[in-house]
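Two complexes follow with subunit A in common, the first pairing it with subunit B and the second with subunit C.
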Partner chain A sequence: MAFASALKCRECGREYPTDPLNVCEFCFGPLEVVYDYEAISRVVSRERILNGPLTMWRYQDLLPVDGDNAVDLQTGFTPLMKAPNLGRMLGLDHLYIKNDAVNPTNSFKDRVVSVASTKALEYEFKTLACASTGNLAGSVAAHAARAGMTAYIFIPADLEKGKVIGAAIYGPTVVAINGSYDDVNRLCSELADTYPWAFVNINMRPYYAEGSKTLGYEVAEQLGWQAPAHCIVPSASGSMFTKIWKGFKEFEDLELIPKVHTHMHMTQAAGCAPIAEAYEAGVTRVRPVKPDTVAKSLAIGNPADGYYSLKTIQESDGDATIVPEEEVVTGIQMLAETEGIFTETAGGVVISGLKRLVERGAIKRDEVTVAYITGNGLKTLEAVEHTVKPVTIDPTTASFEAEVLSA
Partner chain B sequence: MAKLRVRFTFTPELVQEPIIWQLGQKFSIVTNIRGADVREAFGWALLELEGDAEQINQGIDWVRSTGIEVQLVTGDVIE
Partner chain C sequence: MGVTVRIPAPLRRVTNDLDRVEVDAENLADMVDAMEEQFPGIKERLIDETGGLRHFVNIYVNGEDVQFLQGLDTEIKASDEVSIVPAVAGG
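Up next is the complex of A and B:
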């Protein structure tokens, strides 16, 4: 059973029933799920979690849906790998990679969409929808297929073909919109108000966002029931960043782990860093930007959770790092060449951001550090194709020796 | 009828202009102000716009053309 008891406005505190709503009717503040933690504390335990499925649904007591009916592609419980080679290169003895690129549609979005699509079925919606530039599109289309729902995927008309195929293969209606990102945003907001559909990150957003908490729970469990000293996280809307922190704090409050001392480090690419820029300027108002970054999965110019991300940084004594665009691909290469993990551009931002954090002394050698890799490198081949230069030879040993061994 | 919830951000030179009134008049949109803070040097307003979808789109384009920043209250929904 689900322990979600209400939705609550994060600004004015007004409460609402757990309906398909995302903003407060009075002040337009974002709504967040409220749980009956007392009831949860009576049932949840390490043992209960350990006996659960090897997916994100082992934490169903802390998710706002009935997990027994989950739309589940076996998402989550992804590897937390020790990264000794990258750690050696950077000067860290306890570096781990949370490899969320191995989820069913190759990104962390499966966590949030699994919750949103399950909730959509609870509300008896027949249609699942989203506006996306890649990762979310594939995940929504796949979950809709699994759930037997109709899917509408709205994309900018100039989206790379590979990303369109990655969603279209699951059989949704893919709608390419001629116009700017602003136009796509505006149209989808209007459609969400007009049609009785479950837009995963609009009217389902309070539930959808909760799925990212499992990235905190898993890391804590996989580290032997403790939170790490440092988390390095890529940010677009800022939602995942806040929810990883929320996951640690819930585990602490439920006495599943000891007191949390994690420093939350946000990373953004220079071409779209509205939250990190606000952090650097020391202000709480996030000024929207026009994204122009190679890290397309982080290209949200007007981040919904910008303000709350800054609060998470403050609460956790963390920080935000802006990674120069030219270091994004360097980060991808560094992770691939040291640990054999090929990440998309968001992961390149994380690894280059991590390097900068170590260089400026924010992370000490003996501290447990987790870098979140949230998407697979095959999704952004165009970002790295210029770095790949195979040697071409004639089909002879002589040519091999001359062109390869003697080169 | 369509609805759109937006945030307008005014620069100092636009603070004195009756933009919201003009938006309602020019495009036959109901402009419902739900929160605002307008000062000498800066201002913002949260609004719910209700009307014909095409009129709302044209109205938003017109507001932007005056130099006012317009954002969805939900933040960007394209991910």
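Up next is the complex of A and C:
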């Protein structure tokens, strides 16, 4: 198997075998995959990556599973697009959109689930499960279908229709829970102790989380083997944010790219911004909140990786931005109208957060900036429905002229 | 009859594989002390050097995160269910 050599507690450093474990028995700290980087550095090269598949599995040397056995819906290697129109509007000459909304189930979650489901098969689990704010639900259900596994999907009952149907269609058992994501999460943690299932974001979490590193690798490769000056990333648990940074740092250590000077900026919506609030208050302990936000995919009130996200901000000299609720939809509209990309609410948080960062002077005109668009707008139609007014007319020229042209 | 405390898998080595324990206590700080008497070693896994709850430990009383209540001072009574859950998921 690949180059993953152990799991290690991020707090006390105790090591564990690469089993389906996620918590240190001594301090409750989260476990993280450690690799034999020396062995990796002997095989990895730009050329080897360039010759790999046009998916996230081109980076399999840096993932904790063997890519040949991957549960693979052809996730990743999504477009990094120059965004000249939005750039002009905001005053940025080198703005790029990482459009990860075009993955197989229309969000970046396919990256983490591809790794987690592969690992689950490796451990011979028959059932794949998750607690989800929406996007993970669809991805887990699809990967379970592909892998021939049974799936249980746990979601808060108030999710957008597109996310519920977009998961249910693959045939899992979808369980909607009267409560917030944090309630769903607590329940699933208890269930994960009882049932022999692979919960992708609980007992598979150390492996799952590694999948997000590919969002760092890809952007670096697509920019011509260098990391950008700024990344703008939407956060819920904070996991992806920390792993994009880890991806850049690993590429730097392996000398695949020059020294990294990236500033990592996190964005959250005002109705659920526990990490950004801790950043603003200058504390390292994230106080949980009760989410009330239109950005449901980001509605985690008690973010497991909040503490490490704050460390990533500090190490990268980045910052965190809180986007007012009413600017979430404005952000969605801005991206759609300038670049032709329809993102979900998380992407609205990114674009409005980016605007604020530029206005605040945190990002300069000539700096290479990457906005991570991690989910698709068709899944959150409810959020924007009230802003559009398609016209209906009779099939006559008169009706067209009267009701469209003269309106 | 005491308060029922749900024990997560990573702590069961300390509780001799019990997934539920019963303790007599009036608040969470007492509860932790009472559990320590029965299961030496459990306290240091839950409480940090400053006497607060460890970073990655969540405690719920009847489903409510005690950080929204009075933390370790939260009062508990016999019919309550207390749940200890590692802070590890997200997504």
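A few points about this structure:
Keep this in mind: the second predicted complex is superposed on the first by the 393 of 407 C-alpha atoms of A that agree within 3 Å, B and C clash if a C-alpha of one lies under 4 Å from a C-alpha of the other, contacts with A are read in each partner's own complex, and residues count from 1 in each chain.
FYI, a contact is a pair of C-beta atoms (placed from the backbone, for glycine too) under 8 Å apart; a residue touches a chain by one contact, two chains touch by 3 or more.
What you see is a predicted model; the values in this text were computed from it and never measured.
Using the contact criterion defined above for the overlaid structures, shared-chain residue A:Arg186 touches subunit B and also reaches subunit C. Once chain A of one complex is fitted onto chain A of the other, the partner contacts of A:Lys82 are absent, as it touches neither subunit B nor subunit C. Of the two partner chains placed around the shared chain by superposition, subunit C is the only one that A:Lys290 touches, whereas subunit B remains out of contact. In the superposition on chain A, contact of A:Phe26 is made with both subunit B and subunit C. Using the contact criterion defined above for the overlaid structures, shared-chain residue A:Pro303 touches subunit B and also reaches subunit C. Within the superposed three-chain model, A:Arg360 lies out of touch with both subunit B and subunit C [touch as defined at top]. Overlaid on A, the two complexes show subunit B and subunit C touching the same residues of subunit A, namely 22-23, 26-28, 30, 109, 130-133, 136, 185-186, 188-190, 192-193, 199, 201-202, 205, 236-237, 288, 300, 302-305. Those residues of subunit A that touch subunit C in the complex are listed here as 11, 22-30, 109, 112, 130-133, 136, 179, 182-183, 185-186, 188-190, 192-193, 199-202, 205, 208, 236-239, 285, 287-288, 290, 300, 302-305, 307. Against subunit A, in their complex, subunit C makes its touches with residues 6, 8-11, 13, 19, 45-46, 54-58, 60, 63, 65, 67-68, 83, 85-91. Per the touch definition, subunit A reaches subunit B in the complex via residues 22-23, 26-28, 30, 109, 130-133, 135-136, 154, 156, 181, 184-186, 188-190, 192-194, 199, 201-202, 205, 236-237, 288, 300-306. Residue ranges on subunit B touching subunit A, taken from their complex, read 2-5, 34-35, 46, 53, 56-57, 60, 69, 71-79.
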